[in-house]
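Sharing a structure here in structure tokens format.
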Amino acid sequence: MHISPVPLSWYLMLSAVLFTLGVAGFLYRKSVITVFMSIELMLNAVNLSFIAFSYHLRQIDGHIYAFFVMVVAAAEAAVGLAIILTIFKNRGTLEIDEIDSLKL
Amino acid sequence: MNILAVLLALPLIGFFVVLASPRDSKLPFFFAIVTSLAAFFVSLGLIGPVFADPAHFTSVLNLPWIDSTTFQIRFHLGIDGINVWLILLTTLLIPIGVWISQTQIRERHKGFYALLMLFEFGLIGVFSAVDLFVFYVFWEVALVPMYLMVGSWGGARRGYAAVKFFVYTMLGSVLMLGSIIYLYSFTGTSDYQGILNVFSSGRITISPSDSVILFLGFFAAFAIKVPIFPLHAWLPVAYVEAPAPATFLLAAVMSKMGAYGLLRFCVPLFPVGAHRCADWIVILAIIGIIYGALVALVQRNIKRLIAYSSISHLGFIVLGIFTFSQNGVDGAVYQMIAHGLSTGALFLLAGTMEQRRGSTEISDFGGIAPLAPGLASAFMIAMLASMGLPTLCNFIGEYLVLQGAALTHFPWAVFAAIGVILSAAYMLWMYQRTFLGKSPEPKIAMPDLTLSEWVPVVPLILFMVWLGSYTQSFMPPITAANAQLLEQTRISNEYRVQLAAPTAPEALHAR
Amino acid sequence: MLGNFLPHGVEYLRFLPEILLTVFGTLIMILEVLTSERQKHNLGNLALIGITAAFIANVYAYSNGGAAFQNMIIVDAYGTFFRGLVLVVGFLCILTSFSYLDREKAQSGEYYALILFSLVGQCVLATAYDLIMVFIGLEISSIATYVLADYLRNDRRNNESSLKYFLLGSFATAFLLYGIAWIYGLTGYTNLQEIQRVLSDQAQRPSILLAGLAAGLMFVGFGFKVSVAPFQVWAPDVYQGAAAPVSAFMSAGPKAAAFAVFFRVFMTSFGPMSERWMPLVWGCALLTMVVGNFAALRQTNIKRLLGYSSIAHAGYVMVALTARSQIGVAAAMYYLASYALMNIGAFAVVSYVAGRQERNVKIEDLAGLGRRQPVIAALLSIFVFSLIGVPLTGGFFGKFYVFEAALDSHLYWLTVLGLVNSAISAYYYLKIIVAAYMREPGPATAELPAPAPGVRIAIWATALGTLALGIFPSPLITFASYSASALR
Amino acid sequence: MDTILFIIFSIVSVVCAFNLIFQKHPISSALSLIGVMGSLAVLYLMLGAEFIAVAQVIVYAGAVMVLFIFVIMLLNAGSEHGSGKSWFAQIAGLPLLLAFIGVMGFLIRGILPAFRGVEFGSFTRGTAQEIGRVLFTEYLLPFELTSILILIAIMGAVLLARKEID
Amino acid sequence: MNLWLIPLFPLIGFLLNGLFGKRLPKPVINLIGIGSVALSFAYVLFVLSKLYPLQAPFSEHYFTWIKSGALEIGFDLTIDRLTSIMLLVVTGVGLLIHIYSIGYMAHENGYYRFFSYMNLFMFFMLVLVLASNLLVLFVGWEGVGLCSYLLIGFYYLENFANDAAKKAFVVNRIGDFGFMLGILLTIYAFKSLDFGHIAAAMSAMPVETGFGILTLITLLLFVGAAGKSAQFPLYVWLPDAMAGPTPVSALIHAATMVTAGVYMIARLSFLYDHAPIAMNVVAVIGVFTAAFAASIGILQNDIKKVYAYSTVSQLGYMFLGLGVGAYSAGIFHLMTHAFFKALLFLGAGSVIHGLSGEQDLRHMGGLAKKMPITCWTLLIASLSISGFPGFSGYFSKDAILSAAYVHTPWMFWVGAVTAGMTAFYIFRAYFLTFFGKYRGHEHPHESPLVMTLPLIVLAALAFGGGYISVPNWLSPMMPFAEHQDTTAMAISVGFGIAGILLALFLYVMRPALAESLRESAGPLYTLIYNKYYVDEIYNAVIVAPLKYISRVILWHGVDEGVVDGGMNGLGRLVAGIGGLLRQLQSGSVRNYATWIMAGSLLVIFILGLAGGMR
């Protein structure tokens, strides 16, 4: 049976949309944790692009990138969450807008 | 052993020695005075060669400095008829500055002497630099210690004055730096003579518009330093707030840096630009002459008054330079020296008065001539000199400048001469309110000049008279060097009333 | 068939500095557990030894340079220069850290280990020859710095600075990654040389617009790391919040490394389309200078002031990039070197004056330093004048070099505006001098102890280095202009 | 067939992403993020990235998100209540985002040449074996470096999150 | 011939007295002060005897003073017949006045200061006279101005003295402004300032009919002369200059310095001969000043003021003479005037001395008995200035007037009337002083010999000076057509005698009548009595506005407002922009992210979209 192909640009478009949504999350969410999550979303979007491109190029280097991104994301998650912990310990809040004592 | 190298090294050594010497002792003063005097006597050795060959650089110091693939900059200094007297002025006045500092400066002498030494180092470099890069380096090196002196030892608003002084100068000098860099990347050298050779060889030609732009780049720095009329806002406050020795040197020597730069670099390097702008600059200079005099007329503070008066006097120098006539330029150079002596002496004496009275407000003085006849007469002589009385130094400079202006464009001379009238008015009025009349109640303590205060005054007066009455011991190298310089710019318009417009085709090859 | 993938010994040699740093870092981590409280600073000394070893290794690696590990890294003069630079930066920062950590009662091996590891990242960046290495190196250096910024975790300023740096940093990294993804997708390569080849090849080069998209996204990432406007917003907050030695480190080391890779990528990979990104860099350079200098005018907190000034200086370096020439690259290298020295010096003085928990970081807290600590004050003024760009200091010659490059590429207006900027900057730098020399001594300087040896050494070293760069610039110029030829 | 799957899972992922943004409570955001990741995993699979798809599920959805949720629980972060601050983000955010997606859309749909469509199974090199091989040959150095990365991460996490010694 | 010795002696005197006078006893000061002048007087006589008959000028070059390019100015001294007269007058009269000063200044403090200044003055005056080029002349010119400043302000505790001194200097500076410009143009026209060169060049040039460069030069130089010699409108400083000690008034403000302008123009006669327009201006200004000042003199009550205005008026005569081309007559009058005016002042000084400082005519009278010598010598002086036949003034004045009569009659008539006025006010002063009954409170006494002796000598000169025929002596230099016009002579003499009689009638016979006349004159009287309000007008029109403009507009307005304020404003603007940029740093992470987003969009736009499809 013949399978109708999906245009590659759809994938890229999806990745772009997800990336934008990640940014939107960063801009509009007010809890530090969710902001951090939106970053993860952006990374995922980027991964999708990598995979898609690597499909188009018939290479797997893109996969490797995706893999490294995951590793980095994991590492960042560990550190980032630790930082968030210290913040919470000292301020007792996760409201990102409350953390603006350094300014001007 | 190159004499110029010695001369340059001495203050630097003095700087480090003073820094190394113990803080609360007479040693810093001792080292400072010794090195500066030594520098003076060494500098006397510069005169001979210059008289022998005034039109070219003598006792040249030309060492490789920055020698890399990208930059070749040589540490190139030299003495000719134009800068020799300025250097002697420096080396003469610095010891005086050191000398008066021992009474005028109340605290942290050591630092002050060290800065003075550094300042002398910078000044000698500025006046003797042949390489533009080197010139700029010394230009800033001279700026920094003066900034620190004004800011750390000055009066109530010292911080404000110092920062204003520095930022103003900086604004100008960065534009000069821009021009220097451009010249470098354009001609591949930053050496004054090298650039002149490149231009005169005709291999590289600047378009008139570029010449104007580059000229303005340099001009900005020098105009602020002189200062020329609308750019003088830093001057009164700096002169008033600075400690007496700093004011003395600021007015006597540092104000010459700008004028010297105009003459040494602006005019010969960019004759086209200079000609294009000459009329405007002259107008500004004349405005400065009259304006400074009028404002001085109504000042209530001695130092402010002298400050404005020197704006007026410096206008003469600029005017002289931009007449492009032998007499005018000679007069300008001569006026640099003369103004250095007379205004220096005035500020020096004002400093002693401030020391006695704790203020320089004119209203705080009056009728002190009977109390301190020596002070009064010394002040009188300095005042007469700066009023341009014949047989005293300023007259020669002013006369020659006016002569040059008259030969170039008579109306200029007419307007400039008005400044001479006014100078009498404000000086005499100030003198009357300060020294003459009934002394105000309560009686003020105004002891006469002590011996140690006479020490710096006497040489100044002697030089004023000498420069005023027998100019031949100073003038020949100046004239010769200026003739050469004007020849380079091919604008020696002796006895020509109208300024010859630069003819376009040759103007391109800015020889 | 694995044979041709087996790395040769020389390749390890070329990677030796990173290896050494890692080894020492790990060693310190292990010893951390075994050493007692008052032995901790020995770990710092160990770190110093490690850095020295790495430096020697760096020189050695240069002596037989070349690409390594499937063109993942390349050891050329350029890379060596920046490797050496970041190593020096790390060395000086550790020197200043001793007394600081003692004062804050936070002496521990992790600190030194983290610095070593972040140096690893920066060294990787300096020599990275493949976008993947760029990414990994950037992350190693950044993550280590995030942690360092929050090192005094009970200090609210530390927390906030670290959090902002972390969130925004990751945010920017995402853009960078996206850019990498695109350039990979468009060219099929991630090796810088290959990308350049494809982009310069008429036949297979992708649409300039898409390449531009990729370049732009990566520009965002790099621009953030080097704090170029409009991506500079984080810098002042972070530098103000983090511990002074860490701020010094961040403003010198990672920045230099980021610039290194920034230049390498844009001069090499995107070199073919430089016509296209030049106007952008032009604008950014100007904007950066203006934002940095103008915003600093009314600053009262020294650390924040230095933060703004670091932005401004990034602007000057960008001017060098705008020149798009070898001399421009060389100028940038020179500038970064001199900037690193004077900036670390200034931060060192600040961290010395700041006192316990950095209570005194206002400019007026410097009041009377000139009388209490004349030597330190004098050295501080050297740094400040160098930051202004007064001759006989590295700062001046850096500016001279940069603007010379700019004029060589006929960037007249950028030069003039940049010079005017540097004049304006004098105003706020002078406030430091005014405070130090022209005010009566204040409480902050009153009970100032004599500086600890480490700090003193660091300050003297940086000061002498600054002067040396200003008075005898020739050797560095020669090396820089030679290294610059590596970027092509 | 591909098309349908793509449409379904892309819609799922986008919806989850929106949910991540509009949910007020961190937990639900986290869950929706997991949703995104899951659906992305399927898309990876369709693009022939078996290994990555699996890793996505295990590492990302499995490990990382668990960490997130763990922290959320630890800090029992309640639902956020907006504050009037950062008005600039509120105002400028939306237009910027629209502009961004617009630009990307234009570039992807308009400029990017039409590549060959994606057919399931036409690219099958994304196996663990292949990945492993490349990882340990060409990408040996970065792979080793990631170990340092992890090391730093662990150290940092411990350093920052450990209880006070004193 | 060492001409330089002539000025040198006084200079040495000045230095000695100036530097050490404070510690020296009076006799030594006298010795130095007077001896130096005596020496140069003697040396002048010696030189003249050696050089007689001095047909051609005798010059000596000492050193190049200024050399710049083609411009070379030597420090040269020249002596010729004109110079010889000036030298004799200056040193001779100067010597007498120095001697006189011993007595007059006896009780003043600052004695040494006085003599050192006087000597300095002598030095500069002699340089002025001997100068052989314009710039050296200018040296003396400025120098005597300085000395007059110092001596007018001798009583420097009194502010009126200081004001007078300042006024004198500044007004002179206004004149020098013109003089300096004249010099500059001379260089332009002749490439030299040397009188010899200029004369030589002139002989080749034609007389300038229109308004050309020569006219301009001569007029500018005349401005200088008018300033120094107190001609309208620059005469205002001279009356105030009476604030100085009387010997000063006699020496500087009557006999020598104020005549420097006359001398300078005579010295440049060859130049003026070629500029008829300028000549007419000189003549008109001269005759107008003569009449104008005389009219003011009529109503002055301060004896020194009366003589001061008469000096102005007499100087007017001299300029009239110069203007009408009778240079030698001008110089002639210069000489005689030096004698009788010096005498008048010294006499007045003797009176003031006798009345211990009283100067107001209304508090004098009937002193003839008390101080006979003064009385008689002053009578001779007054007759002489009134042009009474046989007295020196008669000859010189009539030489001028007859020349004027030939040249332009109306000038003659004005001059003649002025002669009448002169006679009137001089004798008014004389009678008010010595006749009638004493109206003061002091105890008048005759002055000591050291003062009266000079009076007597000068009296002799004032009488017999006229028999020295200066015009003949000068004729080789400045030819003078000797046309004794008897009618003109008679008229002027008539006016003179009429004036004397009127004064006699009003102030000796019918003193009451003077009062009633004063009543009747009314406004005219007040106008003249207040010297036509010239000072007030100057003050209101020039001085006050200048100060106002300088203080309010230039200083506070331009300097503080625009120049400084502008720059500071610029600084504030920059700082303000900085303040705005700081607002970016709101501290909120989300805003920062928004900025980054905006930036990235910008970047992508520039790199990814700009230029469209390419």
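Some notes on this structure:
Here the chain labels run A, B, C, D and E in written order, and each chain numbers its own residues starting at 1.
Operating definition for what follows: a residue touches a chain if its C-beta (ideal position, glycine included) is under 8 Å from a C-beta of that chain, and two chains touch if they have at least 3 such contacts.
Model, not experiment: these values are computed from the prediction.
Chains that touch both chain B and chain E: C. Between D-E and A-D, more C-beta contact pairs are found at A-D. When each chain is reduced to the average of its Cα atoms, E sits farthest from chain A.
The greatest centre-to-centre gap from chain B, using C-alpha centroids, is found for D.
Each chain gets one centre point, the mean of its Cα atoms, and the points for chain C and chain D are 30 Å apart.
Our note on geometry: chain A versus chain C, Cα centroid distance of 27 Å, whole angstroms.
Here the CA centre of chain C is 77 Å from the CA centre of chain E. We define each chain's centre as the mean of its Cα atoms; on that basis chain B and chain D are separated by 70 Å. Among the residues of chain E, those in touch with two or more other chains are 582, 585-591, 593-594, 597-598, 600, 604, 608-609, 613.
Chain contacts: chain D has residues 85-86, 89, 93, 96-97, 100, 107, 111-112, 139, 142, 146, 149, 152-153, 156, 159-160 touching two or more partner chains. Every pair of chains in contact is given here: A-C, A-D, A-E, B-C, B-E, C-D, C-E, D-E. Here chain A touches chain D in the complex through residues 3-14, 16-25, 27-31, 33-34, 36-38, 40-41, 44, 47-48, 51-52, 54-56, 58, 60-61, 63-64, 66-68, 70-79, 81-86, 88, 94-95, 97-98, 100, going by the rule given at the top.
Interface residues of chain E, counted against chain A in their complex, comprise 582-583, 585-590, 593-594, 597.
Residues 19, 22-23, 26, 32, 35-36, 39, 42-43, 45-46, 49-50, 52-54, 56-57, 59, 61-62, 64-65, 68-69, 72, 75-76, 79-80, 83-84, 86-87, 89-91, 99-103 of chain A are the ones touching chain C in the complex. Within the complex formed with chain D, the residues of chain C that make contact are 2, 5, 7, 15, 22, 26, 29, 68-70, 72-73, 110, 113-114, 117-118, 120, 124, 132-133, 136-137, 139-140, 143-144, 146-147, 150-151, 153-154, 207, 209-210, 213.
For chain C in complex with chain B, the touching residues are 327, 330, 370-371, 374, 381, 385, 388, 390-392, 396, 400-401, 403-404, 407-408, 412, 415-416, 419-420, 422-424, 426-427, 430-431, 433-434, 437-439, 473-475, 477-478, 481-482.
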